[in-house]
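By letter and in written order, the chains are A, B, C and D; residue numbering begins at 1 in each of them.
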Amino acid sequence: GKTSDSGSGSKEASAAIAYDIGGRGDQSFNDAAYAGLVKAEKELDIKGNDQEPSEGESDADKVQRLTELARSGNNPVIGVGFAYAPAIKKVAPKFPKTTFGIIDDTSVTGKNIANMVFNEEQGSYLAGVAAAKATKTNKVGFIGGVEVPLIKKFEAGFAQGVKDTNPKVQVLKQYLTQPPNFDGFAKPDLGKAAAQGQLDKGADVIYHAAGLAGSGSIEAAALDGKWAIGVDSDQYNQEGLAKYKARILTSVTKDVSGAVFNLIKSVKDGKPQSGEVRYGLDKDGVGLSDSNPEYKKMTDLIAAVDKARAEIISGKIKVQTAP
Amino acid sequence: MSTSTVSAVSAAPKKSARRKLSVPVILLIIAGALALVSLVRIISGADDLTSVGQVSGALQLAIPIGLAGLGGLWAERAGVVNIGLEGMMILGTWFGAYAGYQWGPWTGVALGIVGGALGGLLHAVITVTFGVNHIVSGVAINILAVGVTRYLSNFTFDKAAGGSSKQSPRIDEITKITIPGLSDWLRDIQGKHWFFVSDVAGVLGGLVTNLSLLTIVALLLIPATIWILWHTAFGLRLRSCGENPVAAESLGVNVYKYKYIAVVVSGGLAGLAGAFLAIVATGIYQEGQTGGRGYIGLAAMIFGNWMPGGMALGAGLFGFTDSLKLRGGAENVHAMLLLLAILLLLVVFWQLYKKKYLPAAISAVAAVLLFVWYSLTNEVPSQFVDAAPYITTLLVLALSAQRLRMPKADGMPYRKGQGK
Amino acid sequence: MKKFDKDRLILGLAGPVLALVVAIALTSVVLLASGRDPFEPYKLMVESAQYADIQVLILNQAGTYYLAALAVAVGFRMNLFNIGVDGQYRLAAMMAALVGAAVELPGPLHIALIVLVAMLTGAFWAGIAGVLKTLRGVSEVVSTIMLNAIATSLIAWLILTDNFGVQLEGSNDLTTGEIAESGWFPSVSLADGGEIYGFTFVAFALGIVYWFVLNRTRFGFDLRATGASESAAAASGVDAKKMILTAMLISGGVAGLAGMPTLLGDTHTYSLSFPTGIGFTGITIALLGRNNPIGIFFSALLIAFLDKASSALDQYGYEKEIATIMQGLIVIAVVVSYELVRRYGLRRQQQKVGEELAAAARKNREEVAA
Amino acid sequence: MHALVGENGAGKSTLMKILYGMQKPDEGTITIDGEQATFHSPADAIARGIGMVHQHFMLADNLTVLENVVLGGEKLYGIGNRARQKIKEISEAYGLHVRPDALVENLGVADRQRVEILKVLYRGARILILDEPTAVLVPQEVDALFANLRELKSEGLTVIFISHKLGEVLSVADDITVIRRGTTVGTADPANTTTKQLAELMVGSELPSPETRESTVTDVPMLTIDDLQLNATDPDGAVREVLAGITFTIHKGEVLGIAGVEGNGQAELVEAIMGLRDPDGGVITLDTADISHAPTRKRRESGIGYIPEDRHRHGLLLEAPLWENRILGHVTEEPNSNRGLLDLKAARKDTERIVKAYDVRTPGIEVTAASLSGGNQQKLIVGREMSHAPKLLIAAHPTRGVDVGAQVQIWDQIREARREGLAVLLISADLDELIGLSDTLRVMYRGRLVADADPATITPEELGSAMTGAATGHLEAAPEDEA
């Protein structure tokens, strides 16, 4: 029979992204990828396509989605999130001329596969340094959304950063849910309760890697007059959190949007990225934001963070990726 | 001798099956439970077990569940099973947030209730007027609510500043009250970690600290429900529709009307639960925010034997363990192992007293195992911590004798004029 | 008897057709109200379903749904509401994948072992609810909701690399390790449309077994009798408790199979991204199909179609949530129309009874007069 | 006091439901006090002073008497103390002995009946409709009821009542209407009509009598019960004796009748014999096999037939077609199944046979059991149980709610099977039936067999007094039965 070749006549260059759970509008990971696509549309004069997953779908759906996107002439086709790994493994060999990008995974490899990965642990390490410097109670908190290896990377880096800076500081950690229950990325009231628990125990800096649920943590910390550290994007500038921005000390950024843009650009330029493309502190792929004026005033803290940054880049400090 | 009257003899009189717990007895039970928890707290050092924060967190987590459960109770007391609570709750979050961010939180609450009530109305039309299986209708409403809210978000929140297709802009807060002197005083006492006294202070403190006005409204709805359903003519009629609608009909009660009212109120309460989640607990609408709490509410209602007090207890238990796990679960839940071991020990004594030797032996072994687990470890793996609320509920249900009595005609189709 | 009553056949078909028309009309109203073209989405969906690869996707999904729905239906047939199919199939798939990856056996044996483990695990997990219900009177609605959540935690713990999980180098996913090829269920390959999982056919075959067991065996009769009236069944010699436990075990066993098409035909491992929520869709489908194996088959196809064909909408600027709305509306419309048709049929039957009695009465009167 | 009689499914209940506004008539008029009335709902009928006590009680088990009574009439006296007071008042005025705060669930049938009557009086009804009010009462209770009714009549109330017991109809009614298949076929004046004439008017046949004098009793024991003990645990943990020291033997060809006011353990005795309850002590032997703890199915297979007291709860699958109901209870036996598989064809065929042989009035075997009238449902059950040639038949109220014509049939069936060696345990509230059919009589009171009697000599009145616990031991026909 026929196959789903929507064959939209690929005269115009186009790129596509396929989202992970949450999809567009999650104000986090997926939105960042979308921002990269939009930027590429504007600056590179290409057409951007994006597709959402359905809840609880299987690999077969992802295979179908990627196939359809590749077949209709999109190049590159980017899978947002490690869940796309098995699908890309199946689809990439069938479209050798198309570049496939995958974020957060290096387990599938191929000539036409670009694995975009981030050293989240490095950014988190810096957050740990900042937290250790900012705390007055010698207690800081980490809140992870869902207990998966990726989020544990955040925890590991953070804890190491804290310990290396001030061994006396205690790190409280709490995960909100267990996979495949991804509520821990979506329910702010869980983040709030967890943060409240840590605040009650005396923590005065709370770092969350919990997506939207983290906004609850930020709220709790802010209402209590304590520090919150954001994640993924610079949450100080996030509209939904404007009310609490004064208490958002800093955020660990992860430049998914840049990574997406770079891949599209490389394809457009005829030199498609391939293999592992790692974004660490060195390339500003991850980092620590400094939009909060209060943060800018903490010179001691900034100095410590900058020192740590330099040492990580130079390789003097090796940051662990698992707690 | 054929003239003897028989009327007095009839069936051997049985004792009333319903034992009424008097207020002092209830208080005594609560005090006993608290003392036990206090003991465990002292032994394990998990001071968070009855802290102000823990109790107030538990309250916040319990309220949406309790409101949903109350919604379920209204519907089922009138004989309509409402598994659509989840969907009505979703409608509540959406409508509540939609109105809330534009016109203020209280308007949000009102519209959230309306949203849920609309879901309830649909459920009533399908189940009462068309006589469709209640579960089917509920499941359909759950699907529909997800679809409708997500669809609508594309046209509303997506365009709003600070919102997206999955999330609303931030909603203003509802006033929170803290009784100034009292709250601090109680917090101080709790902070001293004395046996029992601190625990009482913690619990009371949790109930007077940072209390959203909507929380108070929600709490008041429980006695209000008891009063309406059990002490008014309206409530009697409503309940009769769930017990024996044909009998009610034969006495001139308009069964359809009461079922409609009950189901719409049920939806409204679920909607309020949703609005609470969006406006008080979170401050935004968030896709998937309800996360099955409607089902948990239903479970709490069954747990509570279709009675408001029991339902509140179920929701409270759930909120309590949920809060425990979120607030440093590894330690708190570890302490719960000890609590459980002690409770099981009490069960053993009870069973021995009742001469049930085999169950006693089983309970004893379980208690010992728990105790060994407790003493050999420092924390519980976070994966199991997550399961704590669910396991606790199951254990409580399994250990307490179950004499569930649901309304007799619950879930049964009813057609006017077709009673036997 | 008048098994092939023409009226009855027409009535039987009229229901679903009417329902679909109404549901589509209502969906169009929603589209129109939101300023969208009220008809194009259907066209897009139907067009998309003409592609072989989408058809394969639909069929495979329907097979999975079919198993989950059968599991739910077994419970429903005796008034047991197994909300726990979701947890049961996930735990079962996980355990089956673990065992499957740990051993290597000749082909059919390997598969048989995996399937057996899945069924036993599903049955075990459902059995907990069954035991709690029979021994302690715990409502299965509550216990299965709780067990779903507990299953999630248990899986999360088991799949840790410290326990039984495997984390591939460079991957952020946790898996149970890959099952050797001898444990893969052969698929039916189409030229360019992908592969129909072999287990899909097993699923549909199970529908026949379900029908046969329920309608043609003593056990099935007992089960249905218990569902229709527990007290009457008990008096007829059914051990209600044993029946509850058995039904729960069977339901769980079938639920355990729901993950098999995907596991044996596609992923060959259980990972954090294994499909979820199938148990809940199964409830919808079982209800929509009225616990009848053929009804369930068509419902599963319908829901799978809406699921898969709707992804095409996204591309053309339509919100694909419209398909979810449609699902809800279809379920409502279908069950309402079933009910209306049933009532109409009942009225006709009563009329017939009445006519017969009236005729008899007339005859009687004539006799009395004579 | 107007009596309405007619065979099963004649339309008596339906007519009364129309009168009470629960169903709508297609044509015709209702006139009350010379004024034409149309009712859209029971509320209209209640407003016009009509009250109805239904054949199947309309009480919510889980509510208290008070709640059941005030329901729908809350405006009258509220739902609190005023209502309680009023209930006590009415209860005393008519000697109803109703306790307002008891849970209906815990009441016996007679009490429930009085609650039903009180419900009607509470609303100040002037016209009282009673659908088969005496079917479940013992003679003394019937007398008490009629005394109540006479009192009401003397206060100017109108009473319409339906009964299959023609004797009592003649004794209390002032006027009688006979209906058959939905139309009035005649009226009768109780003063100069005999039961025989009335029966002929109803069904065109003679008044049946359960008399059975030729004895077929053998000395081969079929069912032996020895010192049976059954306990129940109340919700508050207290253990109650439900049955104690029950000992009796039923021989082949013998009918053992058990008399007793409902709720004195008869139901539990039946359940213990059927295996629905596990006895706490004692031995049950069926045809030399010890079945004390055997599962129900095993007992049924080894030859126990069961006509349950509550056919809707224990005898039928109401929503299933007749042929499936024919399989119920005998799914493992011929012709219903064969080595684990059902034989639908044979089952259908056999259902057709039963429908014919037992005159079950139905348009076919595909209709649901619920669509049959009560009497016809009963005939189907009897037909089913007799079809498996049972060794022992447990018949609880086998003719309750069954018209005279069908009664004869059922009695004949039992007699015939008895002649072929069937042992029968008969439990009935209809004392004429009990005395007429039984070879031996036992009286049950508070879970014990307290008296026995010879059916040849005993009268219903004497039996009735023993049922209330007033007499024990061997009851003699003469009044000087030992105390």
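Assorted remarks:
To be clear about the criterion, a contact is a pair of C-beta atoms (placed from the backbone, for glycine too) under 8 Å apart; a residue touches a chain by one contact, two chains touch by 3 or more.
All values reported here derive from a predicted model rather than from experimental measurement.
Set against the Cα centre of subunit D, the chain with the most distant centre is A. Among the pairs A-B and B-C, the greater number of C-beta contacts is found at B-C.
Separating the centre of subunit A from that of subunit C, both taken as means of CA atoms, is a distance of 37 Å. The geometric centre of subunit A is 75 Å away from that of subunit D, both derived from CA atoms. Here the CA centre of subunit B is 29 Å from the CA centre of subunit C. Residues of subunit A found to touch two or more other chains are 147, 178. Looking at subunit C, one finds that residues 149, 152-153, 156-157 touch two or more other chains. Across the assembly, chains come into contact as A-B, A-C, B-C, B-D, C-D. Interface residues of subunit A facing subunit B in the complex, by the touch rule stated above, are 22-27, 31, 147, 172, 174-178, 183, 186-190, 192-194, 196-201, 212, 215-216, 219, 239-243.
Every residue of subunit C that touches subunit B in the complex is listed here, in rising order: 30, 34, 81, 83, 132, 136-139, 141-143, 145-147, 149-150, 152-154, 156-157, 160, 283-284, 287-288, 319, 321-329, 331-332, 335-336, 338-340, 343. Across the complex, subunit A is touched by residues 48, 50-55, 57, 60-61, 64, 90, 149, 152-153, 155-157, 167-174, 190, 192-194, 262, 266-267, 271-278, 307-308, 310-312, 314-315, 320 of subunit C. If you check the complex, the residues on subunit D that touch subunit B are 20, 22-24, 41-43, 46, 52, 54, 56, 58-63, 67-68, 70-75, 78-79, 95-97, 102-103, 105-111, 114, 119, 138-141, 143-144, 234-236, 238, 261-264, 446-447, 461-462, 464-465, 468-471, 479.
Residues 1, 215-222, 225, 228-229, 231-239, 349-350, 352-353, 356-358, 360-361, 364-365, 368 of subunit C touch subunit D in their complex.
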